[in-house]
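Paired with chain B in one complex and with chain C in the other, chain A is shared by the two complexes that follow.
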Partner chain A sequence: MYDIQGYIEAESVSDAVALLASNPRLKIIAGGTDVLIKLRHGQMEGAELLSIRKIKELERIEQLADGTIVIGALATFAQIFHEPIIHNNIPALAEAAVSMGGPQIRNVATIGGNICNGATSADSASTLFALDARLRLRSSAGERVVPVQEFYLGPGKVDLKPDEMLSEFLISPAGFRGFGGHYIKFAMRKAMDIATLGVSVMCKISGDVFREVKIGLGVAGPTPLRCVEAEEFAKGKAIYAETLAGIGRLAVKSTNARTSWRASREYREHLVEELTQRALHVAIVRAGGAEIG
Partner chain B sequence: MPYSVVGKSVKRVDAVAKVTGKAKYTDDFFERDMLVGKILRSPYAHAIIKSIDVSKARALPGVEAVLTHLTVPKVKFPTAGHPYSLDPSHRDKADRLILTDKARFVGDSVAAVVAVDELVAEKALKLIEIEYEVLEALTTPEAAMREGAPLIHEDCEQNILASRGYSFGDLEAAFSESDFVFEGEYETSPVQHCHLENQVSYAYLDGEGRLVIVTSTQIPHIVRRIVGQALDIPWGGVRVIKPYVGGGFGNKQDVTIEPLNAAMTLAVGGRPVKLELSREEAMIDTRTRHAFKFRIKTGLTKDGKINGIYIAAVSNTGAYASHGHSIASSGGGKFRYLYPAQAMKYEPVTVYTNLPVAGAMRGYGTPQIFFAYESHLDEIAHKLDMDPIELRQKNFVQVGHVDLLSKNRILSCGIRECVAKGKELIRWDEKRELYKNQSGDKRRGVGMACFSYASGTHPVSIEVAGARIVMNQDGSVQLQVGATEIGQGSDTVFAQMVAEVLGLPVEMVHVISTQDTDITPFDTGSYASRQTYITGMAVKKAAEEVKAKLLDFVWGMTDIPAETLDLRERNIVFKHNGEVVMPLEQAAMQTYYDTVFGRPLTSDTSNNARVNAIPFGVTFAEVEVDIKTGKIEVLEIYNVHDSGRIVNPQLAQGQVHGGVSMGIGYALSEQLLFDEKTGKTLNNNLLDYKLPTIMDTPDIGVGFVETEDPTGAFGVKALGEPPVISPAPALRNAVFAATGVALNRLPMNPQRVFEKFKQAGLI
Partner chain C sequence: MAKKISFTLNGKAVNFEVDVRESLLDVLRYRLGYTGVKKGCGVGECGACTVLVDGMTVDSCIYLAVWADGREIRTIEGIAQDGELSVVQQAFVEEGAVQCGFCTPGLVLTTTALLESGREYTREELKRELSGHFCRCTGYKNILKAAEKSLEAGKRQCEE
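And now, the complex of A and B:
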């Protein structure tokens, strides 16, 4: 039994933002896979919910003429995993999508909710970081676009004003064209689990040299993060095992892992070093490079 | 002897009801005016309740009653689902109150609310004001046994619940005659059953003022007794009904919520009250598997013959006794059958701590002791440079062996054949050779481990089972048993046994799956892997009685002596040639409506089994270890069992699949974690408690070596619990073979493996 006081369904984005503006107590519910858990744990007493599930335009995934990929906030993980646009252009996001929960959860959980929940463990977050995704936020006053890196303010905290809602993610071609990418979810189980570490890498190569490497990590700090030092180091370096080892070591420098009963800091850092390299091995091949023995 | 129904994979009798949703579980029933009960739990692991103020909670609209230790009977009762004993010294420890006046773990029940719905009840819980005097939380056995530690229960010095063990032979002499004496230390973690259906019950007073409790339990007749004890009312004044149950694994072989549920309905004048635990509650306030620490010494001759075994064990039972020391005793007892040494000493200590209560869980102490000993044996084999299989083969028990202490005799033993079969399935010799000298980041290994168990509890407890059969006009029958179907398939197996005896197709045996203590024959319940073996005896006896009565009746009808007749394929036939005398239906009809001799055929049987048959088995496993991440992947796993004759191969395979998957979780990922300082459970939910998913479970190979045990109906022995015993040590031994690193503490999760590999210089 949930402590729900009110439930309204918005018909459109403008309808939704108008409702949000009129009642600051309203909480948005989409797939419900995070909100219902909070309700069950008594973290949202007397909840007044605004459902956005009827807003079909938020479900779309499309590629614009300039190559930008637009993913509606209501796109489910199952939808993302099955979408050719995602598979053909940013397979690492498809890998992230299918690593999440189980089939039933993926059928209802949305990528917008995954990000707005603000968890460092969000399965889509590290890949959206590596892709330099931007978020379009709408309110009755208008809209703004923020990079995903700036959207996360702290654990469970995102830059979403009470009267705002996330409408879609924008991924510019500059973020993925010519890159090969790969996502590794390291968890204790192969399904229905929270990541111990999420590693998403994108790399662009020319010949035997890295032109650009982007590394997004989840659960390596209070929010998802990018490994700037390692990325800088990689630029122009020859692609061979020692370079990867160096990238792995430097990636740890950007992290702020802590010891908890889930895993020790030492182990998490070891995983960052190891799994960044493993992800790069795959990404290099996807970027057109040769396998590193 | 060939059977027509026994030994066949007939469809589960409840399959259609379960897959179509027609099978009703406790939560599917509803009573008019039903209220909801909720429990207030202690935030402290160890604290005396100084005062309770319920006035605000009581004043909340929708609250019908607030219960505390001051308002419920203050009679200490035991909770373990053991048969009652007429010998007071053999009874379970009575250390529990319906609501406690002293909190002994974080989550202990200190008050309860009955209200019109869940939300009101939960709000009311927050309004109860309790003043505590907080005591030191003793979260480890070492802390609890320390000199001067506060007592969790006043009557147990050093917080030791019991320390009874056993000893036979001259151990010192056995060790001094040995060429080698090896030592080892091993440790297991607390885990939880995680049955699909959480504990749920509802209770009310019926029109006669009798207490009715509908509950998800393995042991309805024991629930009746313990509710009687807890409320201090006559046992016959309690009626317990058990509908379909969504799994138990031993956790429902304990009385957890029923006494409180009964007190709740009494507090509201007998109005129905439902009490259902959430997963989070069930994981802290039902039962867990006892965590053990072992110290082992084994003396052997240089050719590998075991002379003497010494095992010291510390078992952590948590805040209340529940099954308490029985777990340590039973594990030590069932272990004895596999490698009988001339001298042995077992020194177990069961200790109270301020942690959630440990109780019965599938395997009942054996997964712990076999993890320790089978790991120990692999280290010995390694040191002796001997194949681990060869070392075990030199020490396996022989048919005819009589256990010195239990007096149980081994009348059938297929362990050698099980090992031979498993060895072939996994291609042991080939892989041991192939994986000999590995380096690199992924390493593979094969390992194995054996076990012995028991069928029921004889001679520790009584083994009474009841069965009742009524034959209908068309020759079909109803079967009632006191033993409970909890998903394991026992109803189907009983139907097969009755069908076999009465020459019926299995569809003509209608098993009444619900147990109702007012109606159902007496049986102590579903535990100790006793169903097919113990209750099977009663079922066969009941069917044979109906058969004898029927053939006798036909003798009266036909003048053909009963001893020349038999039942086959719904006919009365001549035994010698199968010629049909008359259709069964004709005779059955006559038993109802014959104007002179009409008397429907029934039997109402009880059987007290004073025997025990020892099942055996082995796990073979192959793993791949990711050295850098510490992840262990199970590539292949086979369980081969000697459980006597297998009544239903498909259901038996299902038992093995479930047990092995539970064993894999025990080995690699599952553990309940507690804050060492506060005693609070950290991961009492299925996200943070790493129960393996189907994606984590490899294909499980199952083999049976069908011996025929003369004591069991149709030659059966136990199978329910055994599959969970040996996977963990087999996996541990496979990792040992792959890496040379001895992981002597469960679970072997990546964090722990990483630490050990780091120590060993592999990372």
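And now, the complex of A and C:
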């Protein structure tokens, strides 16, 4: 049996935040694919769980009149992968969603849990970074909206106060409209594996020059990150192989990869340089550009 | 921390008192005797404990029993009807997709869910959809063949 000391089911967001305010020890559980495994491995003990599984409004994925895409914290990876709004506007996020775990895990694991878990390897994180996604955090005192880049504080640490919960992700049209994007997960297996490196790029082009490039990386540092230097360099540059090579080299400068049993720091840096370029090749075509020979 | 839950198990209504600390696997296998639900890794990696929850594949080892409340659960025990193998089971037999059998209940249930989805799958998509199951004896070739055969047979049945 799991080492669970208490279990409460919240009926609504207001119910959930009131319960969180009354007991800061409560740990939120949604899909359970991280929380239950931590309990199984003894990384979490005597958990007092607050389930948010019944809060239907947090499952929705919708596009507002102004173009903003809203993804509820409880949207599962399977749901994101099959959702036309995601496919039509931000296919890189669909690619990220289907790369995570296996089918049974994707049926229950939620995007909110993936991000609140704070792992640099979270498959959805690098794409949410590249999309400039914002997080809506609710508490009994009100709410605040935080850019995903500021939400990650360190390995396994996110800017979520004990009385707060994540309710939605907000992706503004400025973050995706006119962009072509692509996500590459590099792992030892094609399924059921944790990323050795995750690369998500978005690019906007006009004619044969880059107007804007955004690069989000996972497992290239203690938290997911953006490659600001490479992005600045790309602006206004002509789209040809040498520019891509330069972007790849500069992307490495933003990283702080470590050596783990999965891969060495040097190997991860090599992957950053190479996969950033490969992802851009696809993103350029999706943005309406020509294939680079 | 007992909690009374009601759910449908292979078509039959069940009222049962579960502990909130129990997984659905614990309840199905050890308390209700549905031993077709295999316990493998216990952390959602091997797929041996797969069951269908409202028609959707779930690793029952990392699914709390209380979450089954109000839902329709299907295990391998509910797949054959009146002693007749289902289309999927028949395809697994014919393709020799079963060796030790430990991964088979989960794979049959996943293939059943794919069949019931009514979607068509390419070979690559099928591999992806079967990727949440570990088989440690036959390799995956015959399993993939059995899944393809199941979907073809299911399609023919629909057309008839």
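The rule is short, and it goes like this: the second predicted complex is superposed on the first by the 293 of 293 C-alpha atoms of A that agree within 3 Å, B and C clash if a C-alpha of one lies under 4 Å from a C-alpha of the other, contacts with A are read in each partner's own complex, and residues count from 1 in each chain.
Assume a contact is a pair of C-beta atoms (placed from the backbone, for glycine too) under 8 Å apart; a residue touches a chain by one contact, two chains touch by 3 or more.
For clarity, every value in this text was computed on a predicted model and none was experimentally measured.
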Look at A:D3 in the shared chain and tell me whether it touches chain B only, chain C only, both, or neither; answer first, second, both or neither. both
Does chain B (first) or chain C (second) touch A:N88, or do both, or does neither? neither
Between chain B and chain C, whom does A:S264 touch in the aligned arrangement: first, second, both, or neither? first
Have a look at where A:G42 lands relative to chain B and chain C in the superposition and call it first, second, both or neither. first
Contacts for A:S14 in the overlay, against chain B (first) and chain C (second): which applies, first, second, both or neither? neither
Is A:I194 in contact with chain B, with chain C, with both, or with neither (first, second, both, neither)? first
Applying the document's definition of touch, where does A:R53 land relative to chain B and chain C: first, second, both, or neither? second
Chain B versus chain C as contact partner of A:E274, first or second or both or neither: first
Touched partner set for A:N256, first chain B, second chain C, both or neither: neither
Touching chain B and also chain C: which chain A residues? 1, 3, 102, 190-192
State the interface residues of chain C toward chain A in the complex, per the touch definition above. 1, 3, 19-23, 26, 42-45, 47, 50, 56-59, 62-64, 66-67, 110, 128-133
Contacts from chain A onto chain C in the complex sit at residues 1-4, 6-7, 32-33, 36-37, 40-41, 53, 78, 98, 101-105, 107-108, 190-192
Which of the residues in chain A come into contact with chain B in the complex? 1, 3, 42, 102, 186, 188-194, 196, 261-264, 267, 270-271, 274-275
Touching residues of chain B toward chain A in the complex: what are they? 117-119, 122, 628-630, 669, 673, 682-683, 686-688, 690, 692-696, 749-751, 754-755, 763
